[in-house]
Amino acid sequence: MTDPDKAYNVIDEPPGVRTPLVTGRHSYASLTDTVSHVAEMKTPLAWYIAFAISVFWVGVLGVGVIYLISTGVGIWGHKNPVYWGWPIVNFVFWVGIGHAGTLISAILFLFRQNWRTGINRFAEAMTIFAVICAALFPGIHIGRVWLAYWLAPYPNQMAMWPQFRSPLMWDVFAVSTYFTVSLLFWYMGMIPDLATLRDRTKSRIAGLAYGLFSLGWNGSSRQWHRYEVAYGLLAALAAPLVLSVHTIVSFDFAVSQLPGWHTTIFPPYFVAGAIFSGFAMVISLAVPARAFFGLKDIITRRHLENMCKVITATGTMVGYAYMMEFFIAWYSGSPYEKFAFINRALGPYAWAYWTMISCNVISPQVFWFKWARTTPWFMFVVSIFVNIGMWFERFVITVTSLSRDFLPSSWDYFRPTTWDVLFLIGSFGLFFTLFLLFCRFLPVVAIAEVKGVMAPVNPPEHAEYRTQLVH
Amino acid sequence: MHHHHVDPASLDLSRTVADLGPSVNRWPLLIGAAGLATAIVAAVVRAFIVDGENSLERFLFAYLHSYLYFLSISLGALFFVIVHHLTRAGWSVTVRRVAEVLAANLWPTFALLFLPILVAVWMRSGLVFPWSDPAYVADHPVVYHKIGYFNVPWDRDVAFPLFFTLRAILYFAVWAFLGRGFLRRSVEQDATGEPSISKRFEGRSAWAVLVVFLTVTFASIDWAMSLDPEWFSTMFGVYYIAGCAVSFFAALWVIVYFLQSRGVLVEAVTVEHQHDIGKYLHGFIIFWTYIAFCQFLLIWYADLPEETQWYLVRQNGGWQWIGLTLILCHFAIPFFGVMSRHVKRNRKALLFWCVWMLVFHWFDIYYIVMPQAAHGSLPLGLIDVATAVGIGGIVVAGTVRTAAGHALVPIRDPRLAESLAFHNI
Amino acid sequence: MADNTTSSDLDEDLADVAHHKDVTFEPRLAGVVAEFDRPETLIASSAAVRDAGYTRWDTHTPFPVHGIDAAMGIRRTILPWIVLIGGLTGTTIAIAMQYYMNASEDAEFGLGWPFAGYQYPISGKPYWSLPANIPIAFELTVLLAAFSAFFGMIGLNRLFRWYNPMFKLERFRLVTNDRFFLAIDSGDPKFNAQELPGMLRSLGATAVEECWDDEPRRLPSSFATVGLVLFALALVPPALVMRHRSVSWDTPEYHPVQDMDFQMKFKSQQRNPFFADQRAMRPQVEGTIARGQMVGDSRYYLGTEPGQAMASLQQPEANADNAGAAGSQELRATDQAAAEAGQTGPTPPAGPPAAGMNENQNWTDEIPIAVDERLMARGQQKYEIYCAPCHGLGGYGDGLVNRRALDLKAPTWVPVPSLHAPQTRKRADGYIYGAITQGVRKMPAYGSQIKPDDRWAIVLYVRALQRSQGAPSEDAGNP
């Protein structure tokens, strides 16, 4: 079998011609078969190995959480003056990654970017898993975890209500709303595809499970009509929601008076960074997944190229924000602002700052070259750099500003502990565990949506599929 | 979405501004000249009847206000053309020529209209821009610190706006190159139908969007943010650009409506394109609000004196009513007004909201510029309206002149058929 | 089958559920289902079926086929309006909630717990800070609008019905794959099981089948059993909670969350084997003076003329600390200059402190530090912070605390006397100083909160207040 990447030239589209979004000679049935196969095939050994590794790290994370709760947040490297260390860095990092999914489903939907159909399903799944990883960190960082419910506004005998003027409170609402709406969006998109799996499976247990969650979907046109309207409305709601979430995360920093945190460009800059890191993560996952699961016809090089372009665009926006911060730090004439930024670039954390600049601003510029943005292995490497860079961005923001506060006597150098590192790796374990489960049991591509944008070959060519299915 | 095939050749798309009749060549310039003359007369009269007012400065403030307002429409058009090519957009081909003409009008119309502002700065008397006055700079250490950005970077004690002027030249060079370049090539395609031109646009638009974003950012800092030389906000450029997008989409439908009422673009621009223009207008109303609110919230919350003074001025002396007007009329009311699908697909209803947004976007720029002229009072009168009419008339005349001789649809764009067949879900 | 369920349909459903399980279910013809292999054929057939006047029918497709809404004559759904209402509800709830919880006061509604708001000042922001409430208002708007969109779609589409007789057709399984179906319900007034197959075939159907509903419409009995068991089990936790709340226990409660309740530390009366005397509570180290005990200059520190025993300004506990060995040390530590001037340092009293102020003590009648404008300003500032809440800004005893206590008619409240009362005006400076330091009657001691300099500044300001309220006529000419 020829490699679809080489067999079909989907890259050089002449103006006025739209190249097909699904390559290969696919009919509706063969597309259904290709995607369903991922969930229906015998579990490959590689999956078990990957799953075992991931679950091991979830175990480490679990041990870490127990140790943390029984001992206290002192097991992390927090000390005066840096009391927001890796947990907040990891939180912002994961929330950022969680932006690509809903962006692809909602904003690209509103812009009628049909290529999103090939990747939206697992980008949305990735969003939900990333938000779970993100929500973990502030949850365990509050110290007395068992009092986390105090954040909820409920009548209580202390007559205490949450403090709604705090950006941390806004975070609670933003992240939980985002999680809920992303989940609804993901699930709603999956209902017709779960019905597909329901109608194909021969296993009674799988049939019951898929049947239960597909809610008796029968593809009625009256259902489709309301479904599409609901989908459009959810997209229109989710698009500003995506913006609001990282905006509010940026408020955690920007409403303060700390130089390096308090700057008005933070909200759109954080959103651009989130999309940037999210798309990088989608590439990091899509490149291996499309090869492993045989989805190269559906997630084509054109899809990957478009994502690379988004990465370059958002990476450059992030670069614009870095530049504006520096320029305004000088322009403001405030010695504190100026110091904060000079300290970032030349101070004790200069290594982190230049890692960030190299990974976030410089590395995505390779995608100006067509070869770079159409070569899967290369973009995979760059996407890893972007992920590293975006983690460092949050580290630089959090730690450089805190470690040089207004009281020079308290200045200190932040060092993470082993537990800091284990929690970060553990959160990756959690992310990949969930992602592997998703790949194993659920439709990894939005089958119905792709059918709506593909141009199928004649059905009779695939008659053997049908006889086999109807038995 | 499904495509009805429409053959561009079967439609008469090659109409030009000449089909609008002779009045469009004459009236805008006359109205513009009359407007500016009225404003100048009003300023001179005020000099006699209002004690202690520098009526030249009053006029220049009104001039800068309306200049930045009309500039935002053309810059929005330039962004639109670039992003259209960058994203290989299909739907917007039929309205792209209008945007190209608006963007090409940046040169020479807007460059010439900028000269009075430049002269005001060169006078070094603190007119409009306080930093242009050496005495003011000497009194304000923070401004002295940054005066090299406006005057001479290597010697802060030389009081000549060298760097400011060089930057203005650079901005207009970039906008002229891109705005004129996109129009020229696009018109060339009308004749040759060469698809490689579209391909070239695509490549050029990638760096063009970056260059335009940077130049507009710094232009907004130079020409609007520096009116209060001590104030700063990293978001300011984005705020102005958000306004550019709002005013452009509003202006686009007003122009298309006018052209269609004169029999031009009737077949080319359908209710589907209109619907999309409405959606973009709605989307950018929300985006503008988002940027404006974030900028306000962060400054209000941190409450640092060097930042919050900008809003302090705008929350007192009558300015709070302008702020409230913007919240209601630049966001809340049009947000609900344009929300409905039926409104976006109704020609007259959308026209109403576009005119509404153009009016209140004028107040948005007013809110940025004019409080620097008058802390504690609300100057709004004949002089402002006359200046707006004056600059508006000249801009329209320049636009008509730029459009002369060109079809108002890119008649041989390779994606024209796709655009004509475009259908919303 | 078709989605446009009518009330008679529902009645029928309910009647079926009510069937006794012994009654065998009679299969009924649910409708006719035609299969098509291309969406274009389905659209054309739909238009034909619509034009033929059928009302209870539907098409089923693997993906949304565009153009079919018009062909079938489907009207636009009301879902957007539901979402708009949901969104506005979210905004309203969020704004009302934040106003009520952070900006309203209990008294405003007079409702008390659990309906009481809670005002707390945060970073100088007003209680009602609209800009700070926008983010949550936005989030709740989106959340409720999204719920409305999702559950509205589920509800309008009847997606809580898992069963459909068409699922029995093997062929219909391809509806989620690559086939397109047109189904006409047997409830349609024009339904005719004999003629329909021919008509549908002529429209281009590749297959036509009758669909029989042979499933009794009632829940399997196992559902009820499982449901009952689950319900019973669900009652166990609340029952346990209720019992634990109503019964007293001899054993201490289980203490899973420590909250630093038990700490490794020595309490004052405990034994500490580390020290030779085994006292956990340590005496004062030789050669040191405890905070607030530097009383060498009695005028300055105590407000009394030197050379006379005076009431203690120490707390009883502090006296206990210093009793015995430490007591004599203090003498040595008194100010050297004072000793040279022949002054005797204060002797720490052995007994309990005198209650209240001793009016006959030898209070000094001068302010022992330099009196200048700065001291006056300082005095005013401190007076307004510490004294004005009770004594009032003018010293008439009309401070907010006093007024509120009188409003509440608190039985133990002693009204604050006016500082302009004749007997108060006659008091020595030292007496006022002493009253601030030790407290008097209900007034607590401020010695631990206000430094001596500031206490004297207050005395100065009180004197100025008194003078201002009964100024002698000669003041008028002397600025």
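The first chain written gets the first letter, and so on, giving A, B and C; residue counts start at 1 in each chain.
As a working rule, contacts are C-beta pairs under 8 Å (C-beta built on N, C-alpha and C of every residue); 3 or more make two chains touch, one makes a residue touch a chain.
Bear in mind that the values here come from a model prediction, so they are computed numbers and not experimental data.
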Enter the minimum step count from subunit B to subunit C; a value of 1 means the two chains touch. 1
Write down the pair of chains with the top C-beta contact pair count. A-C
Provide the C-alpha centroid distance between subunit B and subunit C, rounded to the nearest whole angstrom. 46
Computed distance of Cα centres, subunit C from subunit A, in Å: 31
Note: subunit B sits from subunit A at a C-alpha centroid distance in Å of 36
Per-residue overlap in subunit A, given as positions that touch at least 2 other chains: 228, 240, 251
Scan subunit C for residues touching two or more other chains and write them down. 66, 80, 123, 125, 132
By the touch definition above, subunit B meets two or more other chains at residues 1, 297, 301, 425
Which positions of subunit B touch subunit C when the two form their complex? 1-2, 293, 296-297, 300-301, 303, 341, 425
The subunit C residues in contact with subunit A across the complex are 2-4, 37-38, 46, 58-66, 68-69, 72, 74, 76-77, 79-80, 83, 87, 97-98, 101-102, 106, 113-118, 120, 122-123, 125, 129, 132-133, 135-136, 138-140, 142-143, 145-147, 149-150, 152-154, 156-157, 159-164, 166-167, 170-178, 181, 257, 259
Subunit B residues touching subunit A in their complex are 1, 87-88, 90-91, 141-143, 145-146, 149, 195, 198-199, 202, 206, 210, 213-214, 217, 221, 230, 232-238, 279, 283, 286, 290-291, 294-295, 297-299, 301-302, 304, 306, 413-415, 417-418, 425
Which positions of subunit A touch subunit B when the two form their complex? 14-18, 110-112, 228, 232, 240, 243, 247, 251, 254-257, 262-268, 316, 320-321, 324-325, 328, 330-334, 368
Per the contact definition, I'd like the list of subunit A residues that touch subunit C in the complex. 27-29, 32, 144, 146, 153, 155-157, 159-167, 169-170, 173-174, 177, 180-181, 184-185, 188, 191-193, 195-196, 198-200, 211-212, 215-230, 233-234, 237-238, 240-241, 244, 248, 251, 447-449, 451-452, 456, 459, 462, 466, 469-471
